[in-house]
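Both complexes below contain chain A, partnered by chain B and then by chain C.
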Partner chain A sequence: MHSTLKLTVSHAPFWHNGSSISTKSRNILLASLVAVIPGCYQYGMAAVGVVTLSIASAILWELLINFISRRPISVGDGNAALIGMMFAMMLPATMPWWAVITGTFFAVVIGKEIFGGIGANPFNPAVLAMTILMLSWADLFDFNAALLNYQFDFKAVYPLVLSKTFGASAVDPFALMDLLFGKQIGGIGSTFGIGLIAGGVYLILRGFVRWEISFSFLVGIFVSALCFNILNPEAYAGPGFHLLTGYTLIGAFFLATEDSSSPVNFIPMLIYGLLGGALTVLIRNIGTHIDGVLYAILIINLVNPIVDKIRPKALGKGV
Partner chain B sequence: MSSKNELKFVYALAIVCLVVGVFCYSSVPAKSPEPPVRLMFKTVGGNVLFDHQTHSDAYGKKCIDCHHAHDDSRSDVPGSCGSCHQSDSESIPVFGDNGTFDHGMHSMDMGLSCNDCHHDYDEEDGGEPQLCSDCHEPGVEDDFMPGRTQAFHKQCIACHEDSGVVPGKDDCASCHSPRKRTEAFHDQCIGCHEDFGVRPGRTDADCKKCHGF
Partner chain C sequence: MIKRSFFGLVKPKLQYEIIDEAQAEPVRIKPGKQIMLYIDQPDENAGNALFKIGDPVKSGQKVTLSDGSADYLLSSKSGQISKISPFVGILGKKSTSLTIDVDGESSQSRDESFKSACQAPSLENARDFLAGLPGKPDFNVFFDSEKPVKAIVVLGADDDLLGITNQYFVKNNIIAIKTGIELLCKITGISHAILIVPQQLEQVAGSSGAIIKTVDSEYPSAHPELIMQHMLASEDVDAKSKSGIAFFSSEAVCAIGAAYTTGKFFLEKMVTFVSKDGNKRLVSVPIGTPLQDILNEFNETLNDGDRVVFGGPMKGVSVFSTDTPVMPDTDTIIIQDKRQITEGSDIACINCGECVRVCPANIQVNQLIRFLEAGQYEEAADQHDLFSCIECGFCSYVCESRIPVFQHIKLAKHTLESMKAAEESNA
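Then we have the complex of A and B:
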């Protein structure tokens, strides 16, 4: 008697970038360094502490789950380290150690392992962990309060707070060029725009990230921010501002593009990205939250299985 | 890389990161710098972000302009406003019917002569001594002429200390207890902004400019 091994395979088309998961993880980690290193330069030892602790604890959580559930050790694929890095990039440099460790627990254990490990998570694990933590300890994520003790040569107020409470004219002191070069406060690896773009473009060129998602996410933000801005230029900041502040760029290149929670077909990818961008601006401009990127990504993660149903018909099948 | 090497690489990464992380966390000082760079006041009416450094550097303010109870002759750093101005404090006037200053007791019972205080007054001339504030105007002072508050502090406290009686220099509350915390902040922040003709000021539209965080 032979045992029948049943393999369930999802529908075509498949996407293969011709390399292993660990190569992919390493490349994304490498690309993220372009944004993280300037962040560490800006915030010093504190930021290095957050990033390294986050990576280490994410790996250790996954290892622990591997042991407890007696499954093969999976940390070798580098995905846990990657989750740790993504999570740390969004944090303020003053995050206390216990919050970092709790966060990576939510990301790796609740966000990924519970669903069956890599490839099975419906949500981006780092984003899920961030939103859980932000709802639990909102004060820790108030960048204005968190970064009080740092001296900068630019206006040390989180730009999105200014645009939200004081209207569009309050963000006049921020030149787009300065925002692009990270002259704004924010997450350790989320403010150095030019680095995020460079890292993202590298990943797109190497085929690790689908350009369709990043591009349509940014287009979604641009178009919806432009609409708001045209309707009421005094209340709503322009599209350039929205593209370069908050978690927009890290969201477009590193978060929304996470494999298992994003679509693989062309049209669905465009819808997914556009929807994410539009939701982001809606939440920022008329919602209660300061930044909408993370919630928008969770929502598009949620609709991902539905939009991904829009796919080419299989040949030869009637109707 | 073979999967065995991959695993080794990740283990090494975890250990290095853990060591660096613990080192960084333990080496970053927990204390905030003195004087503070920025301060966030948490209030029920919306938080206030106060740029302490810009106010003292860029706007050219002296510490004593705000830390009005601070003794510049001492080397210690100013304390918090809240140590005196508490949310339940109630300011008591020095003068007037409910005031702490007892003119009759001071001028009769202590054997003090009128000119010990009314230093400009000559009893021989007859008439009444003038009010101090006729000459020592509130807020107007220079090296030669003390302002109203300074004149009183100097005279009242100097005599008490010379006579070895209380209230002395550090005993503010026995002459006048400080006003409420919120009032103290509003009066000082907005008062100075009005003096300089800058905003945020006292109008309703400006509340959010401070309380918008």
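Then we have the complex of A and C:
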């Protein structure tokens, strides 16, 4: 007796907790808006233009690669949009359109797709693109020059430049509360500290971001900046300043936590974050670059596979 | 289906089903017109098999394809064999299905060959007669001279979600379990008997006379391998070699006890039946009853695209026909509506690490799956702990890319094992 009923047959388990990549991307995008909207408010329509162009071009680059490599269309998972958003958050509002499009090309095509697409990228795509651009067109990222035509009700100097050039005393006028509420110049989505923290905490509570990485990254910055500050308080700014300026907060909550380029075990996550934080402060205080977050993240991305070997023994495997 | 909680900071927790204080009595399903028995043997010698179409079968009679085979079932009803056909199960396992047209209620006859054997209970006659009892007790472990069994563990907890079958027997039939355990100890000569129960049933279980151990309510703590690893490590058993322990379900122990004391087999399987709306009922069905008979009893209708799962939601097997019979080890049957099904995908692993953090065996699933997807099974086994997997299914459950990780693992293990078997037979 052949019944015509066609049942779904698949392998166990028959339950799924309902998580998906698109949910995750959507939530991270949502959380980033908390920082991006105040940024757009501060820098006006130019910033909106940069953000939208960045997201749109990132999606189009991925679509193009999908067609060229004859792979299924993968823009629906929201990862390309997310890369575009992360990239735009770090840019100054005055970024020319061609640099944005070139940047998303580096992020999506060079940073992600040529390694095999989502999950295969060894570096955070947005960070990789930023560093390529920063090394290629350093002038575009001189925040002081870029934002010259803006009128702000606060000191319109990139704080990290001040501390680098004139020592710790030069940053005294920056009250930490002002820095926290975005009264500093910088990338579109990377200055409004309280928004980044709120977004980051939301992502941590929802489990989209591993708290271990964000937490240890911030601890790394705090501890190493404190050491410098104690050794030579005149030359090196205090830990609070380092935590709230440059790309620190966006780095801790949005960039270092990118899935594919970060470790998954507990101790490796802590090492990864601490190392990133310490490297950031080292580059800022001793290196030649103004901000060290992006380079530090690239370096910890590089050591991720090695530190992730520190892991508990599997069941039934020797002592 | 239990979804991810809004706050995802903590590891996902899946709670075992706990039997209700006032659990309704099981619904007894009357035998239908036919029963079907799946025997784990390919139908190779179809011509001179022990059974032919038209042969009468008595209730309680051993049904097997060749003499002295360890693969047999006990027919729960008497009748006539109407169909013998080959059947391919999961991972290409070849078995044979026998369809028996059941005699009327009045003309049921019982096979009496066990009557004499039960006078002198022994391991041999347990192996020869009782392996077809509900709960599918496995006596072969006692005959492995290389790894002597040191402890008998009776599972009074269900090792997959939603099921309450084993708990039902602890709650309602602890005396029968006691009898069963005593008998098992007597015939095996092993005095070390442990009864595993959920915390709620600890008090009830006390009167069984066995050592009581409790498992907590989170999946997969009642998984036999984890019980071995965590709970018996202190005991005088070698936790690393699997065969130091013989596992029995509480249902099987009850059935063994009953078989020796009465000389008759009790061949009705207790099944937790979960309908589409999540309604959970205990049903008592003769082994071999096709699923359709149960569906008819509860007026459950199936549509195209629905899914029927034999076993729990994490480790069960989905079937492709409503003719599939209840087997001696079918503890749970779940009906899922088309809309409840989450489809898998072929998106690559994004390395989020959910699976790694949830894995009870500490396997680096994110590394493992890359090798499995590439078909590099030997590397996966050598370097990435493929064989440490206890097959709980948690990795697939949490996977954000919705990769069928568990299926990859099963396929890899199966492929490696069949390669090994082929090598040995060629040597």
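Here is the rule we use: the second predicted complex is superposed on the first by the 300 of 319 C-alpha atoms of A that agree within 3 Å, B and C clash if a C-alpha of one lies under 4 Å from a C-alpha of the other, contacts with A are read in each partner's own complex, and residues count from 1 in each chain.
As a working rule, a residue touches a chain if its C-beta (ideal position, glycine included) is under 8 Å from a C-beta of that chain, and two chains touch if they have at least 3 such contacts.
Keep in mind it's a predicted model, so treat the numbers as computed, not measured.
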For this session: Figure out whether A:Ile73 sits in contact with chain B (first) or chain C (second), or with both, or with neither.
Result: first
For this session: Please indicate which partner A:Lys24 is in contact with in the superposed arrangement: first for chain B, second for chain C, both, or neither.
Result: second
Exercise. Of chain B and chain C, which one touches more residues of chain A?
Worked result: C
Exercise. Does the superposition put A:Ile204 against chain B (first), chain C (second), both, or neither?
Worked result: second
For this session: Go through the superposed model and pick first if A:Ser163 touches only chain B, second if only chain C, both, or neither.
Result: neither
Exercise. Is A:Thr52 in contact with chain B, with chain C, with both, or with neither (first, second, both, neither)?
Worked result: first
For this session: Using the superposition on chain A described above, determine whether A:Asn265 touches chain B (first), chain C (second), both, or neither.
Result: second
For this session: For A:Arg311, select first, second, both or neither according to whether it touches chain B, chain C, the two together, or no partner.
Result: second
Exercise. Now for A:Ala120: first (chain B), second (chain C), both, or neither, which partner does it touch?
Worked result: second
For this session: Using the superposition described at the top, list the residues of chain A that contact chain B and also contact chain C.
Result: 77
Problem set entry | For the chain A and chain C complex, residues of the former touching the latter | 1, 3, 5-21, 24, 74, 77, 116-120, 204-208, 210-211, 259-265, 311-317
For this session: Could you pull out which chain A residues touch chain B in their complex?
Result: 22, 44-46, 48-57, 59-60, 63, 73, 75-78, 80-81, 97, 142, 144-145, 148-151, 156-157, 161, 165-166
Exercise. Which positions of chain C touch chain A when the two form their complex?
Worked result: 1-4, 6-10, 12, 161, 225, 229, 240, 302-309, 311, 313-323, 334, 336, 338, 341-342, 344, 347-354, 356-357, 360-364, 366, 385, 387-388, 390, 393-394, 396-402, 404, 406-407, 410
Exercise. So in the complex, which bits of chain B are touching chain A?
Worked result: 1, 3, 6-7, 9-11, 13-18, 20-25, 27-28, 32-33, 36-40, 47, 49, 51, 53, 208-209, 212-213
